[in-house]
Structures are given as C-alpha cells and as structure tokens.
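This report concerns only the one structure given below.
Labels run A, B, C, D, E, F, G and H following the written order; every chain starts at residue 1.
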Amino acid sequence: QRRGIPEAILAEGKSIQQVISLTELALETTDRALLTRVSDEQFAALESALSESVPEATLERRYSTIRVVSPEYDSPSLDATVGIVTAGSVDAPVADEAHVVCADAGATVERIDDVGVAALDRTLDQVDRFRAADVLVVAAGREGALPTVVAGLVDTPVIGLPVSSGYGFGGDGEAALAGMLQSCTVLSVVNVDAGFVAGGQATLIARAIDAGRR
Amino acid sequence: QRRGIPEAILAEGKSIQQVISLTELALETTDRALLTRVSDEQFAALESALSESVPEATLERRYSTIRVVSPEYDSPSLDATVGIVTAGSVDAPVADEAHVVCADAGATVERIDDVGVAALDRTLDQVDRFRAADVLVVAAGREGALPTVVAGLVDTPVIGLPVSSGYGFGGDGEAALAGMLQSCTVLSVVNVDAGFVAGGQATLIARAIDAGRR
Amino acid sequence: QRRGIPEAILAEGKSIQQVISLTELALETTDRALLTRVSDEQFAALESALSESVPEATLERRYSTIRVVSPEYDSPSLDATVGIVTAGSVDAPVADEAHVVCADAGATVERIDDVGVAALDRTLDQVDRFRAADVLVVAAGREGALPTVVAGLVDTPVIGLPVSSGYGFGGDGEAALAGMLQSCTVLSVVNVDAGFVAGGQATLIARAIDAGRR
Amino acid sequence: QRRGIPEAILAEGKSIQQVISLTELALETTDRALLTRVSDEQFAALESALSESVPEATLERRYSTIRVVSPEYDSPSLDATVGIVTAGSVDAPVADEAHVVCADAGATVERIDDVGVAALDRTLDQVDRFRAADVLVVAAGREGALPTVVAGLVDTPVIGLPVSSGYGFGGDGEAALAGMLQSCTVLSVVNVDAGFVAGGQATLIARAIDAGRR
Amino acid sequence: QRRGIPEAILAEGKSIQQVISLTELALETTDRALLTRVSDEQFAALESALSESVPEATLERRYSTIRVVSPEYDSPSLDATVGIVTAGSVDAPVADEAHVVCADAGATVERIDDVGVAALDRTLDQVDRFRAADVLVVAAGREGALPTVVAGLVDTPVIGLPVSSGYGFGGDGEAALAGMLQSCTVLSVVNVDAGFVAGGQATLIARAIDAGRR
Amino acid sequence: QRRGIPEAILAEGKSIQQVISLTELALETTDRALLTRVSDEQFAALESALSESVPEATLERRYSTIRVVSPEYDSPSLDATVGIVTAGSVDAPVADEAHVVCADAGATVERIDDVGVAALDRTLDQVDRFRAADVLVVAAGREGALPTVVAGLVDTPVIGLPVSSGYGFGGDGEAALAGMLQSCTVLSVVNVDAGFVAGGQATLIARAIDAGRR
Amino acid sequence: QRRGIPEAILAEGKSIQQVISLTELALETTDRALLTRVSDEQFAALESALSESVPEATLERRYSTIRVVSPEYDSPSLDATVGIVTAGSVDAPVADEAHVVCADAGATVERIDDVGVAALDRTLDQVDRFRAADVLVVAAGREGALPTVVAGLVDTPVIGLPVSSGYGFGGDGEAALAGMLQSCTVLSVVNVDAGFVAGGQATLIARAIDAGRR
Amino acid sequence: QRRGIPEAILAEGKSIQQVISLTELALETTDRALLTRVSDEQFAALESALSESVPEATLERRYSTIRVVSPEYDSPSLDATVGIVTAGSVDAPVADEAHVVCADAGATVERIDDVGVAALDRTLDQVDRFRAADVLVVAAGREGALPTVVAGLVDTPVIGLPVSSGYGFGGDGEAALAGMLQSCTVLSVVNVDAGFVAGGQATLIARAIDAGRR
C-alpha cells in the first residue's frame, strides 16, 4: 500500500488472466483486492476463478468496481463521513468507483442520488444530508453545475467529479470539467470519470479529519 | 429595417468618423439610431458631434450600447415582457446590449441582476419575477449555470447568453457556452457576448406573443 | 411533467429492460410516452413487449424517435405552427426528434425538406412556407448555412439545429454549430444533434404564442 | 520571379529600413514592387523615402497592400477576368490583397462588394456579374456562407477566402474556414486572411485560361 | 447535373437498397452514375443487382469510387490534363476519388504515385511530368509537405488534398491540412480526404482551360 | 461571509474607485478586507486612500494579493498547517494568492519554494517539511510535474495548482493542468492560476481538521 | 535502406497478403525484415506463410513489433548503449518498438521498466543504470513526467516518448506530449506512440557515437 | 552548471534589476553568462551596468540571445560540428538561441540560412554542408517542411525546431510543430520557439560524439 491511498487494480486494458493473477496476489498478501473498470466478461471469469482458488473470499460489486475480501481481512474504520452525490442515473458508475474506494478505507459513505439542478426542488430537499457529511464528492455530467450549487450550500470541502455524458460541443464530460474548473465558488476537481481519484482524495481528507478526532 | 430585428450599428472596428456619419444617416432616415460596442472615445466624439448637428436628439447609454432618438421618433410598443437576468456584475455590459435592443423594440424589460447560483438564496428570491416574464435572456459567465437553473423554474422560453469572463481552462466564456449547450433542461443559446443577438431573438419572440395578444 | 416541456425518455445508454419499464410506467401514469435515440433493437423489443402488456397503445415512429399513446390519451392542441426545415436527407433523423416533440405538444408541424443552400432555387421556392410558420427549427449539417439564409427571409424566430454530418476539419457538426453561432443575422442555437432541445424550445415559443391567441 | 506567381514583400514583422531597402531593390531589378500587410507607419516612411530615391515611381495603395511601379515598367496583361467578391465591408482589406495581386499580373479584376447572404436579394442581384468572371475569389467572415452560395450559382472555379472577423466560438475566421472546407458544393480554400494566396491562385488559373485563349 | 460539376452519389451512410435505386435512377436518366465511398458490401450488392437490371452497363472501380456507364453514354472529352500526385500508397484511395471525377468529366488524367518528400530523388525524378499537366491535385498525409514542394516546381495551379493518415498530435490529416494552409508557396486546399471536391475543382479549372483552347 | 470560505474582492476588471469603496465597506462591516489580482496602480491608489479614510488599518501585500486589517480585527486561528509549495519563482504570485487566503483564515502556512523536479535533490531535501503539513497546495507551471512527485511522498491531501507559464504547445498552464488531471497518483486540482480557489479549498480542509482536533 | 535508419514495414492498414509479400521481398533482398504495429492475426498468417516459403528464417516478436532474419544475415554491431525506460507496464508495447529498432541496428539495449515518478524510490534506484547508457529513450503516458526527472539525473541526450494512455482531459497521450515539450530541462521529443521514430533517432545518435569511438 | 547543459538566464518576465544581478552573479562565479529572450531595453541597461561593474567583460549578441564572458573565462571546445539551418529570415532569432548555446559549449557551428523548400534549388545547393555536420538543428515556421526534407538527405540526427510564424489555422508555429511530429522520416522535435532546448539537445549529442572521438 503506497501512502494512505487504497491500492487498486485497473482492469481496463488487462487480460483476464492478468486480472485473476493480480487479484489472487493481492488477496494472498493483503487479504483484500480492489478492482476498477472491470468488464462483465472479466467479472464472470474472476468470480469463477476465485470460487475455486479462494472460495472463502467475498466479492462485492458496484457496476464495474469490485472489492474482494478474505474472511480474515481486518477492515479499517474511520470516524468520518463522505457524501457521494450524483446528478442523474448516468453518473452512478463513476460515483460508484469513488464510493467503493471510500467505503473500503473505512469511511461512512452517505449516498445521495439524482439531485441534478434542472429540478432544483430535489436538490434542495437534500440540504441536510449534504451538510451532514465531512467531505463531499459531487458527480455530474452534461453541464456539471451540481458541485457549484452544492458547494454553495455547505461549509465542507467539495470535490467535483465530471462524468463523460453529453454529446455535441462540450460533450463527453468536457463542459462538466470546464464548468467545475470555472466555478464561482470554491471546489477542487478531478479528471473526467476519475471516480477512483475523487474517492482517493476524499479518503485522504476523511483520514485527516479522523486523525484529528482521535 | 430588415425583418423584425432592430437595425444597429456595430461601432467596434469603425473609425470615429464612420460612427458619426452612420448615426447621422440613421437619424435622418429613421429618427433613431442604435449603436453597440461603442468605446468611450467614440462616445465622446459622437456626443459632441450630435450636439452640433442634431441638437434636438437624445442619447441614452448603457455601458457600451447607445440609443439616439429624435423628438419626432414614434417609439413602438409591444404587449410583452422580456426578463433580462445576470449572474454577476461582470455580466452587465453584455446584458445591457440585449436590454437596449428589447426596450428599443418596445418590449417591457424586467431586469434581475446578481442572482448567480453560488448563492442560491438570491436566485430563489427572484422566482416570481422570473415567472412574470414572457421570455427570458439569462446572462452568465464562468461556469454559466444560471440559465439551466432559471429554466428549471419557469414555463417560458429561456435564451442563454454566455459572457466572456473566467480565466484558465474554459475561460473567456467557453465553459459557459459549452455548459449552456449541454444543459439538462431546454434552452437555446447565442454566442459568447452576443447580447445583441440574444436581445434580437427575445424581441422576435416578444413580437410574436404581442401579435397573438392583439 | 416538468414545466411546459414534453417529458421524454432518452433510450441511448439504457438497457432494453429499462426502456420497456420506463415506457410502461409513463403510459400507466400519463397515458403517453415519448422516447428519443431508440435503437432498432430497442424498438423491436419495446414493440413486442407493449403488444402484450399494453396492447391497446399505438406506437408512432420517426427514425429513432418514438411516441406511444393509449386510446384514452387526451392530446393537447396548440394554435401555432412550427416549421421544421432540413438542408438535406442526412438531417432528417435529427429534425424528426424536434418534429415529434412539437407534434406531441399539439403544435401544427409544417415540414420543409431538402432545401440546402448549394441549390438556392429550392431554398427560394419555399419562402412562402417559411413565412407561414410562427417559429422555425432549421436543421443543417456540413457548413450549416441554411438557418442564416432562412432567417434573412422571415420575421419569425429561427432556431438553428446543427447536425453531425461532414468529415475532416469542422466535421461532425462543429462547423455547422460555429457557423450558426457566428451568423450575421439573428438566430438562437442548440447543440449538435439536439433535436429534442430544438423541438422543446420551439414548443415553448409556440405555447406562448398560442396563449396570446386565446 | 519564382514560377508564375507575382513576387511580394510581406511587410509585417519587418523594420521600416528593411521594407524600404527591399522595395528599392525590387524597383531596381524589376521596375516594380508589391508589398502586403504594410502598416500606416511603414507606408508613410516608404512614401517619403521613395520620393527622394526613386521620385519617378508611382505608389498605388489599397488598405495595407501597396504596389510601386517605375515609368519604364512594362505591365503584363491577361485575357481573363477575376471576380473578387466580399460579404461585407470588414472583408475589404483582405480582398484588396487578392485584388492587387491579380491586377498586378494583368488580369481584369471585377469587384463585387457587400453581397453577404443575410440579405439575399443583394446576393442574387449580382448573379450576372458572378457569371461574367472566369474565376472567382469570394471573401467572407463570420459564418462564411457566401462562397457556397456563389459557387452554387456559377460554372467557374471559386476560391473561398475566409476573413478573421467574428467573436466567441468560431471567431477570428475559424467558423468561416471550417464552413468553406465543409461546403456542400465544390470550392477550394485558402487560409484565414490569406488574400495574397487567394489572389496568387486566381492568377495562376487566369494565366492558364489566358494561355488557352491565345 | 448542377453547374459543371459531375453529379455523384455518396454511398457512405446509405442503405444498400438506397445505393442500388439511386444508381439505377442515374443510369436511367443520364446513362451514367458515379459513386463515392462505396463499401465492399455495397459494391458486391450493386454489381449483382445491376447485372440483372442493367446488364449492358459497365462498372469501373478504383478503391471505393465507382463509375457505371451504359453503352449509349456519350462520354465528354476535355482538351486539358489533370495531374494527380500521391505521396505514398496510403493516399491512393483518396486520390482515386479525384481521379475518377476528372476522368469522368473527360480530362486526361496523368497519375504520379509515391513521390513523398522524405525520399526527394523520387520527387525530383517526376518534375517533367508535374510540368506537363495543366492543373495538379497533390494528395499527401502525415506532414503533407508534398504540395508545397511540387508547387515550387511548376507554373500551374496546385490543389492540395490532405489525407487522414498519421497518428498522435496532428494525426488523421490535421497536420497535413494545416501545413497546406500555411504553405510558403501559392496553393489552394480542400478538406481532409475530400478527393471528390479536389477532383471537382480540378475539373472546373480544366474545363475553363479547355474552353480557352477551343 | 459565505460558508467557511474567506470572502475576497477580485480587483481585476474593477475601477480604482470601486476597489477603494469595496475595501472601505469590507473594513467597516468586518474590520478586514482581502483583495486579489490588484495592479500596482490600484495598490498605490488604495494605500493612499486608506491612509486618509482608515489610517489605523494595516496593509499586507504579497505580489498582487492584499490584506487589510483594522486594529480591532479579531484574527481567527486554526490548529492546522497548510504547506504551500512552488516549483519555481514564476509560480510565486499565484502561490501567494493561496498563501494569503490560508493565513487570513488562521492556518499556519509553511512555505516551500523552488523545488521543481528538474533538480530533484532540491525536491527531496524538503520531504520532511512536505510531511509536516496537514494539507499541501503545490503550484507548478510548464509540465506541472511537481504535485505528482510531492503527492507520492506524503500521506496528506495534495491540491495541484497549475500556473500559466510556458510557451508553445501546452503553454500558458495548459500542459500543467492536463498533467495534474492525468496524474498517476491521487490529486485534486484547481484551474490555471486559481490560487484563490486552491487556498480556499485548503482552508476548508484545514478547518475540518482543526474541528476534529478540538 | 534509406540513410542510416533501419527500414521497417508498417503493418497497420495493410492486408495480410501485403504484409507477407513485403516481408518475403525484404528477406530476399536484405536477409532481414522489421515490422511494426502487427496485429495478432497478421502475425499468425505471417508465421505460417514464412514457415513454408522461408523456413530457415527466425521470427522475433516483442508485442506488435517483429523482426525476421535469415541465417545468412550479417547483423550489424554498434559500440554504444541505448537505455530504454518505461514508466509503467502500459508503456511496454511502444517502448518495444524503439527497443527492436535499436537492437536491430546493433546497439546494446539496456531496458529499465516500471520506474514511474509516482513511486520515486523505484526511479531513484535506477540512477546508475540511467547513467550507464549513451542515449536514453524514456516512454511515459498519463502526465509524462518521467523523461523530465530522468533527464535531470544524467548527462546524456534523452528522447521523450509519450504514450497514448490516460482518459479525460489530456488523455490519449496529449498531456504526456505537452508535458515533455514544456519540460523544464533539455529533452527532444517524438509524437505520441512513435516508438519507431524514437528508436530511429536513438540509433542515429548511437551510430554517431560509435563512429567517434572507432 | 546542471548536467552537461549550458546554464542560461531566461530574461523574459524578469525585471531589469534581476537580469543585471543574475548576470553579475554568473560572471562572478563562472566568468560567463548566457541570457535568452532579452529585450532591447534589458540589453541596453545590462550593457551600461556591466560597463561599470565588470568593464573587462565582453558582450556578444545574436538577436535576443546574449553571452557575456570575462577575459579569464576558459572556453570549452568540442570536436564536433552542429549544423544550424533556417528556412527563412523569420526563423533567425530562434535559430540564434540554439546557435549561441552550441557555440558557448565549444561546438563548431555551421550556419545555413534561407533554404526553405518552396525554392528547392536553394535547399539542394546545401546538401554537402548538411552532410558535413555531426548533428543538425533545423528551424522552420509556417508548414515546417524543411526538417523532413533535410533529414531525408543526411545520415545524422536532425532536431526539428518549429518557429511561431504563420497566421490563420495552424499559425504561430502549430502547423510546423504538428508537421515535424508527423514527419515521414526520423526526427526528434522541441517545442515551438524552443531554440534553447534544441541547442541544448544538440550540445548533448555533440558532446557524446566528442567524447567518442577522444
């Protein structure tokens, strides 16, 4: 484990055999493995391979992010809450990457979905939940306005997570990224679809808060 | 006058002498002149020239947009209200271009300033005024989120007007333009700083509504 | 139904099962469903599913845009005409998205096809039909000059709808979008291929005119 | 003289002394000099210097393009007409560069100004003059639609010359260039503001036609 | 047939049935059909369909460009030579599009292949053939330097045709297009892979020369 | 004061009179004013105006960032350290913006200058100081590699602050921004030259840590 | 063989039959063939074809780069060492292209893998091996910081080789290319994924050094 | 002196006082100073300051690059020749930056000017001089084709140096950079106008060759 960041295996671009071996190695050495951007095919092969080689391990899956733990794994626990917010359903897979990273590190994850600003009531209904978190990851595609609106409603750090939705000019997350970088309020940002990075940064902040609380 | 759009003189890139001559010609033929993107120097020269050549004319100025009318000018009047909304003070000069165009065409202009979404209370305080307009021009720079939020609160057409503020990636109005084109709600858009076009399009809509009302 | 805009289901990126469920839900609650960007495969599955679950419903299809109505659906009707104009046959699918949205809202849709400016006679032959509409959506790809030419011939609001045709520099609708934003006349614009947004904005304008006429 | 193209001195980026020396050298060796992108300051200095060193030479100026000829210069003459067309007054300086190059090579230049497509009558009024030319250079900024419309009306080669006007997205001639490259008709194109190149290419075509006619 | 440009059917994006019908219609009305960007699958289907419906017609194919003529077709003939030059073998399919257009219009086509500037001897070996043409289309991808070098060696008009080869920064023909637009000599240019446009423009020039020669 | 972020006056684009009035107003209401992007001319005028109107106030200046406090101002204090790191001297003015924001909020600021990675010893010499901070703002221009290297050496959150240095491709901070967004480690990022935003985000994190420590 | 650069066959975009014929021709004329960007399918077909036509030849493969030599081939040998360095495993295929080119030219290749700067110890552990090379090719994707760091540690020429990894803004090697061009130290660079060019340039340098040493 | 690269002072962006102090410090410690991007104003001030403080020092100036040496400076000497080639006179200032760096390091510099490929005879006339160099820096703006042509004529390493000339699409050196990166031959490249980097890299190569020769 480098620094405080959860170590993960980026499955995208790896062969099925590489994914399985790296996962088995991680389980052997740390009793735990985290995989991002896993395809359905990779998942099926991994599940079947592990059921033979490490039958006692448990697989947890959120879209393309997967966590595998052995029974003897001693899960960490942090006294800090990360809020993970999405604008629409298309943002869920990317938000899930952040979600799994934070949960794996032991943070309490508070998930607040489908609160995009085109229907502002739904955003405003969640203000109390936004405020209850110690740090927020806010995922949004298209025009990416949600992190700005949320950051204007809370006193805690907000990490903008642009999502590669949208078509035409500014599509594929570019308008969302640009909008978050131009935000009139205070935000820091990660790259388009970089759920792992957003979750990692939220984890580092959560851990610093947790340390302060102890 | 081509079509229903107010005819205007684009002062930018013209010599002082050209600006004066074109204004005098417009006054002579139509008793009215509209000028956009007028520099301070051009304004001073124009004011002094007209005080000699057409002393009876009145000059009205909003930032760099100027309207000159002769006493005999028969101002049109439309039974329709255009709301002109700005996110921050930096958006005022561009919004003023739209403002003058609509007012000149006889529409009632309802101006709603400084309601950017980073301080959402100020936005929400104005919902009734947003709803009272027949068509809205919403000017915003930086991340340009305001038109999306306003459009989610009303039943009338909204024209997004991106403003060339901001620095770094997406600066100079590019993030605002991209965000408005990617909006999760229904908007149409004009180019960055194209206040004249936004005002012209609002005028065409206002005129169609006015015709329906008669 | 949010605001006055027809609610639609964006089929692109959704599973067949999601598309079917969302359509059935929409029919159950509002007796009507509108779907955009539906693939052939999604359409076939939807048609067969609805023939079992809601056999009394009627499906209407224009390229990838689909409208489903129950017999008890009480179609709205607006006293306003939207002209939908295309430069060439490649623009039809995108124009159809706008077409269905406006028709669904009860507007009269006047469709004027294949009048691109490279063969100007065909454009000029349609001037009377352009002028008969209350608002125009003009779809064009490649260099996207048609909305400018049409807007120079009418007194009504024109919404430019750039289409993702063309290759090389400025291809995929980018030249068309840029050209419409740079237009020498008054236009407002939506994003490349955003037929739904163009139709929604035309609907809002048509509804405002209809209200004035009542 | 390299190939058949008129040799020119690009004044932009040169010192006043360099401009004067190069002009004097050209006059000495070829009895003629052609200068492009000459600033007012460079022009004044050149005029005064030549009035001393080569008082018998004549200076002709169109905006920033200048031609100087000695009395003994034997002007060439071509039996071919180049039409030079502009959309608006902002296009004149760039069109003038092409104009001077063609005239200097001995072609008949037919100039047709201010016929941009937003006021289509003015374009159509000139069809006979467009058709009378052997080759056309068509200069346009903003959305750059004029070359497409003109090329659709004639049987002769058209060279599109994009001009760096416009602001916001696609400004500074980029939309015009992209639109001409995407044109639905047959055009060839030069770079933004490259009046010299457009004039040079028209000259080469005119010379080939002239050779055929002899 | 619009203007002097050969009419062609762009097969790309059309169904097999559309391609066949449009070809049969063209043969019926003009005894000739020209098709560009035809896939192998479209070609096979077309060949088999025509062997039944119009067995007397002849198909000529150069990569993806196809020409079909009935025996009664009266081929035009021009007294002018178009040189079509390629830098490497990757440029052939695009050059072929230009080739077929010019040949179809009756021009003599002189083809000069594989003379890219990285092996300058091969370029220089062909100078006489370059000079023998009345107009040249020069196709090149990657850095696109060939049209500049060729234009420096001849007195005739050169049309640069950038080809979408290359990878990384400036790949897909963008460096080639930019380089041709920036050329230090006189060139006009068409869009990336626009072989049809280059051939059309060369045809218009060849026809003007041919007219002069008669 | 909105949220927990220090309120600041963005002097850029404001008149001298506006800057003075806004500063006096801030002092009157909160006994403190923070100004960013202040020009030398604005500074001189402000200093002289305040020496008359509020002679008891103290001005602190770091490059173009200025803080003014009245004697009665009760400075906040946070039990948390923000490390502010620069790659080279060109990064200082932007880093200073962040510096003043954090110091103004009461955080301890640890400044570590001139440790760019092209001379890696100097970077490595500071590892202990990097590790002593609770949160780090790392400013770098050109290739912007420093935040990645620093983040690989510590366990605390790092905020990358790209600076608009560099020329040619990727110049003006674009390569630095892209590199930080692409970083192989965990970072969050703000826009180019957005020292105020970086400092604001660091402050929010510092405050959360401080709250945990109490 | 043009100049001193190893001649290679770029398999990408060629048919299987072309690849086989070109390889056989190369073997026949030079007893050696080098192929880059060979697909698995092309490789299988080539291997099987050569086992029949040239059974005595040996195939060597590194990812998609292949070298075939006849027994009688007289391999060159250079008294110079090229270091080939990668940041991570995703860089290997591109680095292999460079590797094979240099080895084929007879240089000693020293391969140093997986030393990306996010884990700086691993970079620093290899300083002696970096210094032992006469010239270095350093391949890196994402933020591409490794060539800068390595070049700061050695006295020999470093060629930066950006690799098309990464997603979002600056993805596909663009941030890496920009970062290397902006490097604060002295580097020269090749295009994204241009392993062949990097290897060719390293070979030219190695050969010059070798000549000096003889 | 870091590594083998000549240390230089980048005057751009520094105050006159900083430039003087840094130069005096360099002279004091190393008896030599190298300055790049020096303005006329900075040069005049530096010259006058040094004539007082270090009257025995000698200033050498090539455009904006300056070298100052004390009489006791022991100039290095390399047994290697760097060819520095320019396409046109606009490339001279950037080429001079490379020139001074190489000469300062003791390499023999062979300068070959004004051999751009639009007049190919002048290029070919210099082949023997190109071949006499051990390494070449080739500077070119506009379409930047010269390095490709030169590299095709020699067996030595060529470093492409793009220059920020040109206007319109691909202007300011972007087409030149892209063209060099796309070159069909083997080249490595530095950023636009990065004469210092090109000279530094040529120096490192020259030094390696020199070491081999000893």
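Convention: a contact is a pair of C-beta atoms (placed from the backbone, for glycine too) under 8 Å apart; a residue touches a chain by one contact, two chains touch by 3 or more.
On a predicted model such as this, the values are computed, not experimentally measured, just so you know.
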A-C or D-E, whichever has more C-beta pairs in contact: D-E
Maximum centroid distance from chain H, chain identifier (CA atoms): C
Computed distance of Cα centres, chain F from chain A, in Å: 28
Euclidean distance of C-alpha centroids - chain B vs chain H, Å: 52
Inter-centroid spacing, chain H versus chain A (mean Cα positions, whole Å): 49
Sequence positions of chain B contacting 2 or more other chains: 2, 118-119, 151-152, 168-171, 174, 177, 181-183, 185, 191, 194
Set of all touching chain pairs, with the criterion as stated earlier: A-B, A-C, A-F, A-G, B-C, B-D, B-F, C-D, C-E, D-E, D-H, E-G, E-H, F-G, F-H, G-H
Contacting residues of chain G [partner chain E, same complex]: 2, 13, 162, 164, 173-174, 177, 191-194
Residues of chain E defined as touching chain D within the complex: 2-5, 134-135, 151-152, 154-157, 159, 177, 181-183, 185-191, 194, 197-198, 200-201, 204-205, 207-213
Of all residues in chain G, those that touch chain A in their complex: 90, 118-119, 167-171
Residue numbers on chain A that touch chain B, as the complex places them: 87-88, 116-120, 124, 142-145, 148-149, 151-153, 166, 168-171, 174-185
